[in-house]
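Consider the two complexes below, in which chain A is the common component and chain B and chain C are the respective partners.
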Partner chain A sequence: MEEKINREKYKTLGYNVLTLFLFLAIWTLAYWLIKSPFFPSPLMVFNAFLELLIHGDIEDVKLGMHIQQSLWRIFGGFAAACILGIPLGLLMGLYGRVYDSTKVLIEPIRFIPPVAWIPLVIVLLVGYFRFVFIIWLGAFFPIFIGTLLSVRGVNPLHIEVPKSFGASRFYIIRNIVLPSVLPEVLTSMRVGLGIAWECIMAAEMIGGERVGIGIMILKYAQLIRMDAIIVGIIVIGIIGFGLNEIFIFVEKRIFRWKEVVSI
Partner chain B sequence: MEKELIDVDLSMKFDSLSVLENIRFKVHENEFLVIVGPSGCGKTTMARLLAGLQKPTSGHVTMRGESISPKVHNISIVFQEPSCIPWRTLWDDITMGLVIKGVDQSAIKKRAEEVIKLVGLDGFEEYFPKQLSGGMKQRVAIARAYATNPDLLLMDEPFGHLDAQTRYLMQIEIMRIWEKEKKTVVFITNNIEEAVYLATRIIVFSKLPARIKAEYRIELPRPRKLTTPEFLGVRSEVTEQCEVVER
Partner chain C sequence: MKKKWLVLMVMAGLIVVSGLQPAAYGAGKNKIHFGYLVADQVHNFASMIMKEKKFLEEEGIEVKWGEYLAGAYLMQHLASGEVDFGTCGIVPAMITRGQGIDVVVLAGGNTEGSAIVVKNEIKTPKDLDGKSIGTPGIGSIQDAMVDMVARKYNISIKKRQMSVADMPIFLKKGEIDGFIAWAPHNEKAEQLGYGHIILTSADILPGHQCCVLVAKGQLLKEEPELVRKVIRAFMKAYQYEQKHHDETIDLVVKYTNTPKDVVKKAWSHTPHPYPPYVNVESAKMQADGLIAGGKIQKDKVKDVDKFVAEMNHPEFLKEYMGKSK
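Then we have the complex of A and B:
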């Protein structure tokens, strides 16, 4: 049994490595066919990557610094979104009245794309908090709405079981509502994190700082240095992928009780 | 003399839909009262009212003279729908009522081991519901309900989802437990054979809106056999009453 699962794992890994090689092969082929100064080969991108990593960009800022700055901003905004979104979602899910009474404010704000706030935020806020605010705006609503809806989706029967034993409201929230919504809250956090990435790029490209992945891409865009731009893009993708995998790993660990349905 | 435990006298509506009309009966201590009635007539509604999970539109349900409430009275209910909590292991699920009622740790452990054995689930304590069969899950719900030693045990078609054989075994089991622990049970079913096999008394509900159509005291000796002429006689008598065309 254990052995079979392991074999499956290696097989999947093998196929993924194969996919990667195929992709690089097609890319190289395209490079040979297109032969344009604006279309770099994988090797050129790799060299640009090494250069950015070791020597830094045109302003001598190293790739690691860019990544660190962007992650730090995401962390701030994302943490703020979770700290506000989850309790507020729980509160409004449990007490429908609060949501119904504030709907007039919440719903329209929800439909304003975070990017639309950027000009305003640039004027009103400075430095780190600009980014935190934009990311917060982007990540907050998926987390908040996801949490709110998950509370409303709790199976009423699961609530009635402790209720029939005379459980307090606190017991029910602690032992039924919270564990029941946790998987969906984590999923909405994962969605929120994805949006946080979109926001950080937009914010950095407009935000007028010197360090950050988005800014790095912008610097090289002005020079039409495609190899370095692609490094930036790939770095974004890989970090996003990594963060997502961490979430999935945690989810699997916590939710041993969940039935896994495959389609 | 039978000691009265519960007094029911109520009507129940959902908006304009009248579900229970002038339902009036008493439940006595240690009796095994079975309510039968056609699907959709209001049996689950009756169970929820008896559990204090719902309030009647008019009238009352009282236990020893006090309006029934899960916070005041020691009641347990086995729901018609599968009700295991997915993220709780069998052990955590079965001990839920005991924890809520503030029983101390060592007593919880002792009682839980007892009821788990009673329903034949020992060895599965750390299993999650997804790892159990349908019948096992139902037994978890039953064990959870027994665990708190309730003054009133409500069972809403508890064997409805089980196959005939498991159902039969569960009926024998429940009888054994009732004879041993002498609880007061209100058992709901739409299966007349099951009703006659288990009941000390049967109340027959009419179809929607439900009224009490008939009441039988079943005095067949135990253990009952499904095939004796006496059993079949009582069973067809109740069946006929259930089939009477309603005016």
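Then we have the complex of A and C:
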């Protein structure tokens, strides 16, 4: 059985490597066909990557520094989204009345894209908190709504049975609701983190800073250096992918029982 | 089933590849997309007058106007094929040409006209050492000016790229120590008491070419008559300003949302030579600076004289001036 699973894993890995090679081959072919200054080859992009990694950008800021700064901003926004989104989601999931009474305010805000807040954010906030706010806006709602819905989705039978045996509300929340919703909360955190990472470009468009992966892309966009722009885009994609995989790994480790039950 | 997938994949590939082709200019003859910069009318009054007085339409041109945050953004749109003509700094135009994109300069605009505004504690250019200065973007002429100041005084300046409209806010909140922008934003910030002008671009590089009228190079060969018409409209705007200076100032007040006295002061710092030929020597000096700063890659521009000569196309303006004598 284990051998079969391992074989399947290697097969999937092989297909992924093949997809990557195919993609690079099509890209190279497109480069030869198009022959445009806007369309660098994979090799040119790789060279730009090495240049940015070793020597830094036009202002001598190295790629690692850009990544570190963007991750630090993401961490701030995402942490704020979790700290506010999870308790609020639990509260509003448990007390539907609270959500129904505040829906008129919450729902329209949910549909305002983070970019629309930028002019206000420039005037009202300073430095690091600008980035945190924009990223928080992006990550908060998936976490909040995911938590809220997961609470509402708890099997009523699981609540009613202990209740009929005289369990207190606190006991039910602690021992029934929280363990039931945790896997969904973690999944919504993963979705929130993905959106937070997507918001980094919008947040770093604010300006006023010289370090950050989004800022690096904007710098090279002004110099019409497509190779460096593509490096930034790929780095954003790879880091987003990496963060997602880490979350999935953690989810699997913590909630192994869920996987076993689902099988 | 497999065949269907293959056809679908080939079609998707073709769509992607065709989407990467540069867009064709205009929708046909006498249809153009003209770009200008936001609140830049002290420098590029000609675009504003052409737009207000419909001088391009008088030449039989159907024009779509586009406003851009800075020259680099205008250049991105020109490089993509969307913009046909525009007015912006010579620096973003040179950077774009340095990347192998066929952008040409048809005429000059203003010379000088930028300034560094700093908080009141900063008294001399040497005091800028280690300070953060806002610039409209790494590809702007103003950003290149800050590099020149750093080189001239042998100091290190931290640059922070941002929109010119946001610069006074960042300065007022103490997030930057100063900024460099095109007129009238410097004079405006000074009047509001946010800081004082420490250096003008006349101090940094006297008589330097600032803005220019640019076009896609292919138009010179494919649509020379269209280029002639644009030059005629551009020159009509210059002549209009000479005859109706006060009205021009009023238009700048309206476009930049700036008090009249501030616009007048800014105008006095911004020479508009006539006829508007490009100051080639200053263009070469700026190109050298861009190469030294890595904004134009050395291997792409080996001969600066040739680079500037190939970019500058005064023949249409010369032809116009010859006929108008």
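Here, the second predicted complex is superposed on the first by the 258 of 263 C-alpha atoms of A that agree within 3 Å, B and C clash if a C-alpha of one lies under 4 Å from a C-alpha of the other, contacts with A are read in each partner's own complex, and residues count from 1 in each chain.
Rule of thumb we're sticking to: a contact is a pair of C-beta atoms (placed from the backbone, for glycine too) under 8 Å apart; a residue touches a chain by one contact, two chains touch by 3 or more.
Here the structure is a predicted model, which is why all the values come from computation and not from measurement.
Go through the superposed model and pick first if A:17 touches only chain B, second if only chain C, both, or neither.
In the superposition, A:17 contacts neither chain B nor chain C.
Which partner chains sit in contact with A:246 here, chain B, chain C, both or neither? Use first/second/both/neither.
Neither chain B nor chain C is touched by A:246.
Go through the superposed model and pick first if A:223 touches only chain B, second if only chain C, both, or neither.
The answer is second: A:223 touches chain C but not chain B.
In the superposed model, does chain B or chain C contact more residues of chain A?
Of the two chains, more chain A residues are contacted by C.
Now for A:116: first (chain B), second (chain C), both, or neither, which partner does it touch?
A:116 contacts neither chain B nor chain C.
Kindly classify A:126 by the partners it touches after superposition: chain B alone (first), chain C alone (second), both, or neither?
The answer is second: A:126 touches chain C but not chain B.
In the overlaid three-chain picture, which partner chain does A:171 touch, first (chain B) or second (chain C), both, or neither?
Only chain B is touched by A:171; chain C is not.
In their complex, what parts of chain A are in touch with chain B?
Residue list for chain A touching chain B: 157-158, 160-167, 171, 175-176, 179-180, 255-259.
Chain A touches which residues of chain C in the complex?
Against chain A, chain C makes touches at 13, 16-17, 20-22, 70, 72-73, 75-76, 79-80, 92, 95-96, 99-101, 134, 137-140, 158-163, 166, 169-170, 173, 175-176, 293-295.
Quick one: which bits of chain A touch chain C in the complex? Just the residue numbers, please.
For this pair, the touching residues of chain A are 26, 30, 33-34, 36-39, 58-59, 122-123, 126-127, 206-210, 215, 218-219, 221-225.
Write out the stretch or stretches of chain B touching chain A in their complex.
Touch list, chain B to chain A: 51-53, 69-72, 75-77, 79, 81, 83, 85-88, 96-97, 100-101, 128-130, 144, 148.
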